[in-house]
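Chains here go by letter, A, B, C and D, matching the order in which they are written, and residues are numbered from 1 within each.
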Amino acid sequence: MTKQLGIALMGTGRMAHVYGPKISAHPGLSLEVVYNPRRSSAETAAAQYGGRPVDDLDQMLADPRVDAVVIATPTDTHVDYILRVAQAGKPIYCEKPLDQTLARVDQALAALKETPVPFMLGFNRRFDPDNAALRAAVRAGEIGRVTMLMSWSREPAPPPIAYVRASGGYFVDATIHDIDLLCWIAGERPVEVQAAGSCMFDPEIGAEGDFDLTMTTLKMPSGALVHINNSRYCSYGFDQRLEALGDRGMLQTENHRDDPLVRWDGTRTVARAPLKHFFLERYDQSFYNALDEFHAAVTSGRAPSATAEDGRAALAIALACARSAKEGRAVAPDYG
Amino acid sequence: MTKQLGIALMGTGRMAHVYGPKISAHPGLSLEVVYNPRRSSAETAAAQYGGRPVDDLDQMLADPRVDAVVIATPTDTHVDYILRVAQAGKPIYCEKPLDQTLARVDQALAALKETPVPFMLGFNRRFDPDNAALRAAVRAGEIGRVTMLMSWSREPAPPPIAYVRASGGYFVDATIHDIDLLCWIAGERPVEVQAAGSCMFDPEIGAEGDFDLTMTTLKMPSGALVHINNSRYCSYGFDQRLEALGDRGMLQTENHRDDPLVRWDGTRTVARAPLKHFFLERYDQSFYNALDEFHAAVTSGRAPSATAEDGRAALAIALACARSAKEGRAVAPDYG
Amino acid sequence: MTKQLGIALMGTGRMAHVYGPKISAHPGLSLEVVYNPRRSSAETAAAQYGGRPVDDLDQMLADPRVDAVVIATPTDTHVDYILRVAQAGKPIYCEKPLDQTLARVDQALAALKETPVPFMLGFNRRFDPDNAALRAAVRAGEIGRVTMLMSWSREPAPPPIAYVRASGGYFVDATIHDIDLLCWIAGERPVEVQAAGSCMFDPEIGAEGDFDLTMTTLKMPSGALVHINNSRYCSYGFDQRLEALGDRGMLQTENHRDDPLVRWDGTRTVARAPLKHFFLERYDQSFYNALDEFHAAVTSGRAPSATAEDGRAALAIALACARSAKEGRAVAPDYG
Amino acid sequence: MTKQLGIALMGTGRMAHVYGPKISAHPGLSLEVVYNPRRSSAETAAAQYGGRPVDDLDQMLADPRVDAVVIATPTDTHVDYILRVAQAGKPIYCEKPLDQTLARVDQALAALKETPVPFMLGFNRRFDPDNAALRAAVRAGEIGRVTMLMSWSREPAPPPIAYVRASGGYFVDATIHDIDLLCWIAGERPVEVQAAGSCMFDPEIGAEGDFDLTMTTLKMPSGALVHINNSRYCSYGFDQRLEALGDRGMLQTENHRDDPLVRWDGTRTVARAPLKHFFLERYDQSFYNALDEFHAAVTSGRAPSATAEDGRAALAIALACARSAKEGRAVAPDYG
């Protein structure tokens, strides 16, 4: 019924742990290969999710059972792998971001232009049912013309400093999610951004010249204004909310919780269960839905809905935010 | 602007403590006399709220500055005082209930028929703005024909056993509030009641043959069904809610809290402030509004909206509930 | 990984339409046979969900690929089929109710005692994640000792009168769900019930001596009181709520909606999406979860968690409610 | 009990209509004089709220029954009247803003330094019970160290263009409220601001070089970040919300509605009553409470809590926002 797609999963780290079980669970995908240049890592992961362990890229690309590739390797390897897989003519699902620099991203875009294969970037939050419902309502005209969009993304705790150092900075690492989501909902991209950041939780982050607390404003061509706030620390869990204001109404999404019960007790009434802890718990379904979109697009011959160009634009905006926060002025993103 | 009404407040106990300050605060009422047969009590109370202390009933009734009387004495003295004040021709506001027996209530009704004075019974919950808004919406036809009504009334902690012994039983003491409120909203009175009770909190209450936990069903002439649940103990405070179902929609009131903030913290998110502790806090405004209704009715010459007949009917229903709970059968209230 | 269980689905009506697709979707179940004595109905259904159409019961029972049977036929055939399938030694999942009479149910219980096969009754609401979360919290002691339980079950519109006539009456047809759910949560069964009913929506239902509006009170051995309200009509959709009060707190479940957005507009703010229309939409997941419980129990050799005895008890309570509503007195259920 | 303060109310326009009835209703204030240089206006207003009509400033200031003055005249007259009243040695309550220019404000500050009289600026939103509860919880340390503050202020409809022209611009006219409120909650003032504006509702406003839609970011000395969004149009009413994030939790206030009922109906369930229409309705209580603070401060001899310096600071920040929005760069407020 659902056309089967043989998948090679590249990478065996945190994001590969997210995709591995979801590929196995999807009725239209079959996990054929788990790739890591280090054979022992490939073997461990293959034992967990299924698939054959492979440490040789050429062998993986030559395998006729591999119909498509999911790239979940470290960010700085994405572009190289994209070049290789595109040359082999296989459809690509690549975890975001494409890269931390526009120059490298442009290399990937050029390669995909030269040897076009179906390509999808893993902006998984678009595939969260709540976010998608909000966008659908906006697109259906429920709130009329959009005038303000807002996004909250506050994380339960700062990542290790090694992660921060390799992350490209808070805007490129995290705000980029909100940027892509809000541009996708708005149907337009900012002409100018303003951003402010500070460091209030982890002095090590500040010592790197990075922020753990930011506020961002995007000015859209239509006149709509967009606000994003990000925090590397949030005592009550992973706070993820959207608000969309239009001239006919307003829409909001709400946080997800460990259970749906309303609790009344002696101290704080009404009380609710804690928020879903972090992105693995909160966006669990969205990763599955993103793979489902990839499957549906590839098997039906249409282009996947989150493109490499979307990735380039989001990166350009995030880099403009970082510059705005450093230089204290409005910055126009470099859309190339 | 607001016509001034000189008030004699009878009683210096818990309910008099509720009314005293509210009479003083009302711009159309002036507290002239505080009455208690024990002079020292009258003096203490008068020092608190204002007014002259009086221990002689004839003197109080003869005082030309007393235009109306608020009876807030022990329940078993209500009828006797009503007879005396009615004979003196002064308007009466009497704290509920009229009495715990239909025979005594009928005596008061007869006296009020013989020497008619404006009379209002202190069913204060009718004058709570939330309850009144729900009734107004029902009466405006917002939910169409009423089919179900529900009331929650759960108290923070059982009263002292001495109070319970003198209370006339849980149905007559407490359920009577819900009964009056729901009949007033429905615009009709039950043809039959069913009630069940148990004792789960205070064995002393059970030893008196009384209940600290009850559920009551009223069958209305229209076919509408009414549910009331009462508990003498509630760990999260004074739980007071209404629900009205009709064939075009449903309405609910919500509990009141110590402050309106929405709180998010590390354990239970979202959380709210504690409920208002008990009836003095939750219905503070309703007592004032009830006095305001009394003032408005007396000064304008119309009948107050909560009548002695309403009090008799509510008592008849409460007594029917008590009998139903004891005898395990549906009981028709004795409406006389 | 998940042990495969070959299933014969008996019946091709409304409930079979619920189970057919879910059996097909479950990775541990394989739909082998669709049975209906009318061959054309079996063929139509098999074409929809998969499986082979069979019109001969002996053939179905002899089929070695049939490891277990799901009975989703008209209620009055349940017991006969149970007898036949039990004799054939196959595990049974039977849609509720077992039957409308205690005598017939006792026949089924006797047969299951004589030829014991794994048996599960389809009380699907136990397997709804929200209801299960509430029970789990109660069982974990979150609210201490349970003192009150409440259930709302209001349906969007009355069924056709033919359905009503065959239903065994509103208590046996519908209230039985709430009864089973609340007894399962409470961990005890009532010693006495009181019920009241009226007919306000469909005079044809009243002409049958049945109700379209009921309120039920159950008295539990522990002293806990239980309230259930049912309505055959509800203008705002399928209203399904639970409330559990204990001496340490209170828990509530909330209704499910078509989407999770919070909407603000010019007339009614805040507004929410409509409720899930009816049981197919609201309890979609619970039917799947019930089959999953059946699969897990049968393949692991433990008894399924919703038993035939549970079905008998719920029927005895529902019949007692019906009698109480007719006779206007408290009735003790006949637990046999 | 409450010391009586004779009040001269200056002005008979929109804001005087707000203060007049509240002065009359306050038990510690007595409205002695209503001042307007146009005698007929003074007479009309005096007939409405009480007090004697006066059109001569010297006569008003010489009146021994005038203990204090409430200035509710057009903004561009505030400073001149402050100079005159201060010279006369009378306590002043002045509606915000002091003036639209820092130079004129500094004149008033100098005069108040030379002839010190008790002075209070009408930042009424500080005296809203919800806003005050949020600040109290913040100050009590409930959320630990403050890291983010957010304010929503969206108005139901744009004012007439004549009002806009005289308003000093959207930041000075409206954002100034949010600025004062958030600085008061934070206990600090921004070192730098970023603002963005656009015009999406009323082209006439854009033609004036003004905005009807703005987003503002304040950078606080502590590192905390502050977001304010303002809209001159809001289809669902007067949207007024606050959010405070700290390292131990988060607090929110909610909008106020016409009634507290929860409504369930056939289209949008749950639904709530419309929001309070505009500031007169939403902040009705806060104006009264502000006068109460003025009364309490003046009669007890302590300084009122909203000072002329607060007004100067808020204006400096609002002017910096306006410049930031025009010039596309971060701007440091001129605190003098």
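In this section, a contact is a pair of C-beta atoms (placed from the backbone, for glycine too) under 8 Å apart; a residue touches a chain by one contact, two chains touch by 3 or more.
Here the structure is a predicted model, which is why all the values come from computation and not from measurement.
Trainee: With one step meaning two chains touch, work out the least steps from subunit A to subunit D.
Mentor: 1
Trainee: Which chain's C-alpha centroid is most distant from that of subunit C?
Mentor: D
Trainee: Just give me the whole-number Å value for how far the CA centre of subunit C lies from that of subunit D.
Mentor: 59
Trainee: Determine the centre-to-centre distance between subunit B and subunit C, using the mean Cα coordinates as centres, and give it in whole Å.
Mentor: 43
Trainee: Measure off the straight-line distance from the CA centroid of subunit B to the CA centroid of subunit D, and report it in whole Å.
Mentor: From the centre of subunit B to the centre of subunit D is 41 Å.
Trainee: At which residue positions does subunit B touch at least two other chains?
Mentor: If we look for residues of subunit B contacting two or more partner chains, we find 235-236, 239, 248-250, 263-266.
Trainee: In their shared complex, at which residues does subunit B touch subunit A?
Mentor: 235-237, 239, 255, 257, 263-275
Trainee: What residues on subunit C touch subunit B, complex-wise?
Mentor: Where subunit C meets subunit B, its residues are 144-145, 147-148, 150, 154, 192, 194, 196-201, 213-215, 217, 219, 222-227, 229, 231, 233-236, 239, 245-250, 328-330.
Trainee: Name, in rising order, each residue of subunit D that touches subunit B in their complex.
Mentor: Listed in rising order, the residues are 129-130, 133-134, 137, 142, 248-254, 259-266.
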